[in-house]
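Common to both upcoming complexes is chain A, partnered first by chain B, then by chain C.
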Partner chain A sequence: MTSSAGKSKKKGSINGLYRQAGLTGTIALILGIGFLLVPLLPGEFPVIVAVEILILGLFAMSFNLIYGYMGQISFGHAAFFGLGAYATALMFRAFQGATGEIGYLDFFLSLLSAVPVSAMGALVVGFFCVRLTGIYFALLSLAFGELVFYVVFSWYGFTGGDDGIQGLMPPPFFRDTVNYYYFTLAIVAIAVVVLWRITQSPFGYSLRMLRENQQRAAFLGINVRLCMLVNFVIAGTFAGVAGALWGPFQRSVSPVLLGWTQSGIPVFMTLIGGASFFGGPMVGSVIYTALNSYVTRFTMYWPLTIGVIILFLVLFVPGGILSVVDARMAAYRRRRESDADISAGSADGREGVQ
Partner chain B sequence: MSSYKNDYQWSQIVETLNKTISRRDFIITSVAAGVMTMVPRFVTAGAAEPYRIGVCLPTTGSGANYSERPIKGLPLIAAEINKRGGLLGKHPIELYFRDTQTKPDVGAREARSLILNEKVQTIIGTWSSAVAMAIQEITHEHKVLHLAATSNSSKIVNENYTPYSFQFGPNSRMQSGATVVAVLNMIKSKGWKSYVTLGLDYEWGRDAQKVFVDKLTKESPETKLIKVFWAKLGETDFTSYITAIMALKPDFMFGAIAGKDNETFVQQAKASGLFKRIAYPGVFLPVTELMQQRKTLPRHIIGLNRCPFFAHMDNPIMQKYVKMYQDKFGKDDYPDDFACMYFDALNGLDQGVTKAGSTDSDAVRKALTGATIDTCRGKLTFRDCNNQLDAASYVGEVVDTPDYPFPIFDPKSMVAVQGHEVWVPTCEEVRKLQKKRI
Partner chain C sequence: MPTDIGSILIQLFSGLSRAMMLFLVSSGLSLIFGVMNILNFAHATLWLLGGYLTYTLFQLFSNTFGDHALLIVPAIVIVTGIMFVLGWVLERVLIRRMYAREVPEQLLLTFALILIFGDLIKLIWGVQNRRIFLPIEPIAVFDSYVNPYFFVIIAAGFGVAGGLWWFLHRTRYGKIVRAAVYSRDMVSALGIRIPTIYAGVFALGIAIAAFSAGVFLPIMPIGLGLDMDLIIQCFAVVVIGGFGSILGTFVASIIVGIVYAFSIFIWPGGALAIIFLILVAVLIWRPWGLFGTEMRY
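The block that comes next holds the complex of A and B.
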């Protein structure tokens, strides 16, 4: 066995990396290298798509804290994404004043304002939602999401109403697409590391237990509601961070960012990538956003395209793309180990004979 | 030139989709649409410096209903221009259609994709003002022309003004002002003394209601506002409002209701007989609605329209356009308001390029600023301080005529309120509204 493992390591292949780092580490490494190299691709558009992938990927990963780890589905998660986007946009507008320019410090303060705003929003909504589970949790989150949407949609004097807020031009350095891309990559990378630490902490394992059996968790002394609420607030906050990055990237925000259709995006991404994998939503974001960005160049029927993809995944790959990769890699590893065992056994046998 | 063949095929796809089709046909058509959208970049590769135009329109979402005829009509105009070699006789037009899904962030992304991938020099669109303003940010940043053919928020030319954007229809403020002008005429002719308002309870509804009430109070203080009603956005049952309005017996009512809500209200009000007792001036009734609701639309209500072809059939440009459109799509089909305004946008661009003698965006925008252009609505001038076209709003009574298979506005009593009669009075006031741009 030792010799076979050694052979496998020597190969230095994806399989070897997979053995060393596991699926999450392998995906993180591949995505990390890929993201770093994106600006080398010809043209500016791939970088713009990559910014979108990163922001929506973080949004989906924050959603997966609730769905994949806690076992509840939220159809109102976009409310926090939108709150983050609007908090940044409103601060932006306040700092811009009559000149239309924003300073670097003001820019960072605008982005930071998304954190407390989305956290407070998640705290209020979560306070009510965590009292329920299953479909009731989903419906209540949807109801709160729509409530926040209509407040933003209707409050013209403050939020710009249905028109939204335009003119969110970042400071000169960040107007360059590549610079903003690397800035987004840095923020998202930090957020992903923090999310990873959370999911690997005792709190993260408590969430998994809540997903599997809330009664047993309560019996073991876990404060179920508090645990769910804290997770809800963390998820909402990270969605807010993603939203904060969105406005300066698109140069505008609109109430659509808080609507139920926007809440569907992280659900799609998570289903595509795989909810039971930490990196699943980010992989889903790569596939969903890249498809969305390029398919629309060839057909106006993007909703039909994504509908077919989701249908295919739900029917044939319910665990998401990563579940297939994981299963294939595990099977490949088992086969190689089995082959190595047989060869080692034969060699031993020959040695015995000799 | 061959790109138009492609665009014609595209319009046929849209036409086909509007009919009942099988699932198999739908999938085949969708795939074909995708493939054919790719064709122009290959088949026109040999043409000398084509002029690329992005067309952002919603084919899904709430605005999809108003995109069909612009999508059908634009390739016809482009083909007409290309018959003489294209813009300046040497730049054949290529059109690139994109679905905005009636979502601002999608509109912004598609605008970026069009500019960076397809290298378009002009973007025409879109239907929703919120989407148009998101696109406007991108076109301003990339110094690409933005022709807001139908989206009509006044912010596009006032608060969010950029020298690269041009608005071809009457904006929202101008429409409200036009309704007041028309209502004042009717107050005089019909002796109206009292009215109620019913608005959707969100900012557009409240803003439109306020503009109307303020202007009417100023112009006709003796006309009494009896009561104000607010319905929630997405209301499906207007019965209680209709009953209350009928009980108050006003001479007329002003409605700040739009889109699907308006259609619901009109149908319920018609069923309860409200329109037989109370006049309802100012309801937005584009030609699209006149055609689609030909059987159910109550007659003698007073509607508002932005570019009705039937009001300008004495204009050779409109005659030519309608003929061209009907030759292609049949005698029963007519270009709606939206198609007419897209037509004017593309023709206006052609005139701007000719005047500039160049396709350079900065040269064209300078040529169009303050310019008078020939449109299917007659000669109209862009206001030089905000690029708003001096377009009229049309208010008239819905009647049947033997000339068309659907109701139109009564030609005898229809009022066309020109833009300059109702827009923000002075350029100084406009400039105060315009925020500074980087």
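The block that comes next holds the complex of A and C.
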């Protein structure tokens, strides 16, 4: 929402930037500057919301690797988010000992432990899921997600069951919300750059091919299942990184993080922002999380409000917010060019999931 | 494992009645997916709405005509009718626009319906659990006590299963519905109005769900959030049985219900983990379900 509003105000300069950097670059710049400046806003609340936006945005972007790029729906993606969160939380508990304090090195180690755990989880789940496509892929990932959820939920001795794990107090420096915010911003920024590199690599292009036609991809020598599995593991690992950041931020983890309602969040964010754009899930996260946080402050009946908004978006903005922005910018450019009587030959190859 | 026959019987009854509820909600879900290819996430929320409506209507009747257990029957019938109409309207206004869309967009729309109806329920009925108390004496079975209402539920489940089978296999409209599952183009080429069939199937699914909510009200309190647990179990049932297969849904409901009840002896609290393990196994082994056809895979 913020980005589109900003755009209509000063169309000229943004349009120039847009032509230079493309939609993804423009969004990256606007969001990047926006995120850096968030702590200047009054009060602690915007910073807390921004941490949530970043973590859930990374979660949604990892999901879009499977949905937008590979063309399959992982409806159990929260399992990897939750595995990352629980791996961090359990290591955190082990390092904390009796004092409840944790050293900086131990803190980073516990965050890092999310990577192998979620990657292993994604490897096992992915091994079976990539044998299916379409609705069965979605259902099997959902079934695995719920299986992990109920195991964590019922295994009191190890995971604390439905009580979850509390008292995850990060080291003194990170207790300050703004410090933790910049720490999260740095990690998410690195992760987003890595994701961008992956989507622009030959591997990323074979994923797009798998989305369009798996049979043809196989004929061209792409190992379909291996390619899907590698992508599944990458997506699961990034979801795990997002989950790792969640526990120390909330000071606790609970099984809700693995459930299917949590798996729905990246789906909604991606569809709201626009699945066919690299930055779509992050834009969706800004809109969804900000709405969620601010509407809750004004009314008790926020699900109703958010439900009506989602209904409206699904019915009238099917490609997500960014598709509207993209179409508007393209139309504006065309008009400008025909006004100036420039030949209409300015090819642009930046449409669709780039 | 306990060996006394009484507690085994109790678990059997509770498992069977749970199976009946799962079947009644899942059969509509399965039918809607089989005919229209729409996964209706909001199905259990509409089920919950039906339950609350039945509760209110029953209270109204009791206040007007005095306490009588049988007053629940007209309440259930009227609510089933209301929800049929609501289902029809929903299909006409919203679901219809989703047929050409991709699966996640359909999920998003029905999820929006969950949020909207869930919050409307909270707005109207508040957050307390609701329940109907019927004056029924438990009867003794092998030194344990069983609520005879269980028999009503099991009869209702078998009745709806039989009725649905009769409707789909022995009536003209049922045959049209089954034909639409295989080839909607051919059916519409024969001059049959596909949109009306779709609206009717959606409304029927919702109505069966609302009926089951009413039937279960006397033994199961309903509350907010119950729909979220139920819908995910119903998905498990529908997938294990095979989309679009009423027989499959029925068998899968009984499997899930019995496993749920008897898992208390093996791993208390782990019932749903076991059920989702079964679901994972079925999806790996036969993604189209036990009684589904491979066609859609």
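In the analysis below, the second predicted complex is superposed on the first by the 329 of 354 C-alpha atoms of A that agree within 3 Å, B and C clash if a C-alpha of one lies under 4 Å from a C-alpha of the other, contacts with A are read in each partner's own complex, and residues count from 1 in each chain.
What we mean here is this: contacts are C-beta pairs under 8 Å (C-beta built on N, C-alpha and C of every residue); 3 or more make two chains touch, one makes a residue touch a chain.
For clarity, every value in this text was computed on a predicted model and none was experimentally measured.
Enquirer: After lining both complexes up on chain A, report clash or fit for chain B versus chain C.
Expert: Chain B/chain C on chain A - steric clash.
Enquirer: After superposition on the shared chain, which partner residues are touched by A:250: those of chain B (first), chain C (second), both, or neither?
Expert: Touch status of A:250: first partner only.
Enquirer: In the overlaid three-chain picture, which partner chain does A:163 touch, first (chain B) or second (chain C), both, or neither?
Expert: first
Enquirer: Applying the touch criterion given at the start, work out whether A:146 contacts chain B, chain C, both or neither, answering first, second, both or neither.
Expert: second
Enquirer: Applying the touch criterion given at the start, work out whether A:215 contacts chain B, chain C, both or neither, answering first, second, both or neither.
Expert: neither
Enquirer: Now for A:128: first (chain B), second (chain C), both, or neither, which partner does it touch?
Expert: second
Enquirer: First (chain B), second (chain C), both or neither: which does A:301 touch?
Expert: After superposition on chain A, A:301 lies in contact with both partners, chain B and chain C.
Enquirer: For chain C, sort through 7-15, 61-69, 241-249 or 277-285 and name the stretch that clashes with chain B after the overlay.
Expert: Answer for the clashing stretch of chain C: 7-15.
Enquirer: Quick check on the output: what are the common chain A residues between the chain B footprint and the chain C footprint?
Expert: On chain A, the residues that contact chain B in one structure and chain C in the other are 150, 153-154, 261, 301, 303-304.
Enquirer: Going by the contact rule at the top, pick out the chain B residues touching chain A in the complex.
Expert: 30-31, 33-35, 37-38, 59-60, 97-99, 101, 103-105, 108-110, 112-113, 116-118, 129-130, 133-134, 136-138, 141, 153, 155, 160, 201-204, 206-207, 233, 435-438
Enquirer: Give every residue of chain A touching chain B within the complex, in rising order.
Expert: Its residues touching chain B are 43-45, 48, 52, 98-101, 150, 153-157, 161-164, 166-169, 175, 246, 250-252, 254, 256-257, 261, 293, 295-304.
Enquirer: Quick one: in the complex, what on chain A touches chain C?
Expert: Counting only chain A, the residues touching chain C are 67, 73, 75, 128, 131-132, 134-136, 138-140, 142-144, 146-147, 150-151, 153-154, 260-261, 264, 267-268, 271, 275, 301, 303-304, 306-308, 310-311, 314-315, 318.
Enquirer: What residues of chain C sit close enough to touch chain A in their complex?
Expert: 39, 94, 97-98, 101, 103-105, 107-109, 111-116, 118-120, 122-123, 228, 232, 235-236, 239, 267, 269-270, 272-273, 276-277, 279-280, 283-284, 287-288, 297
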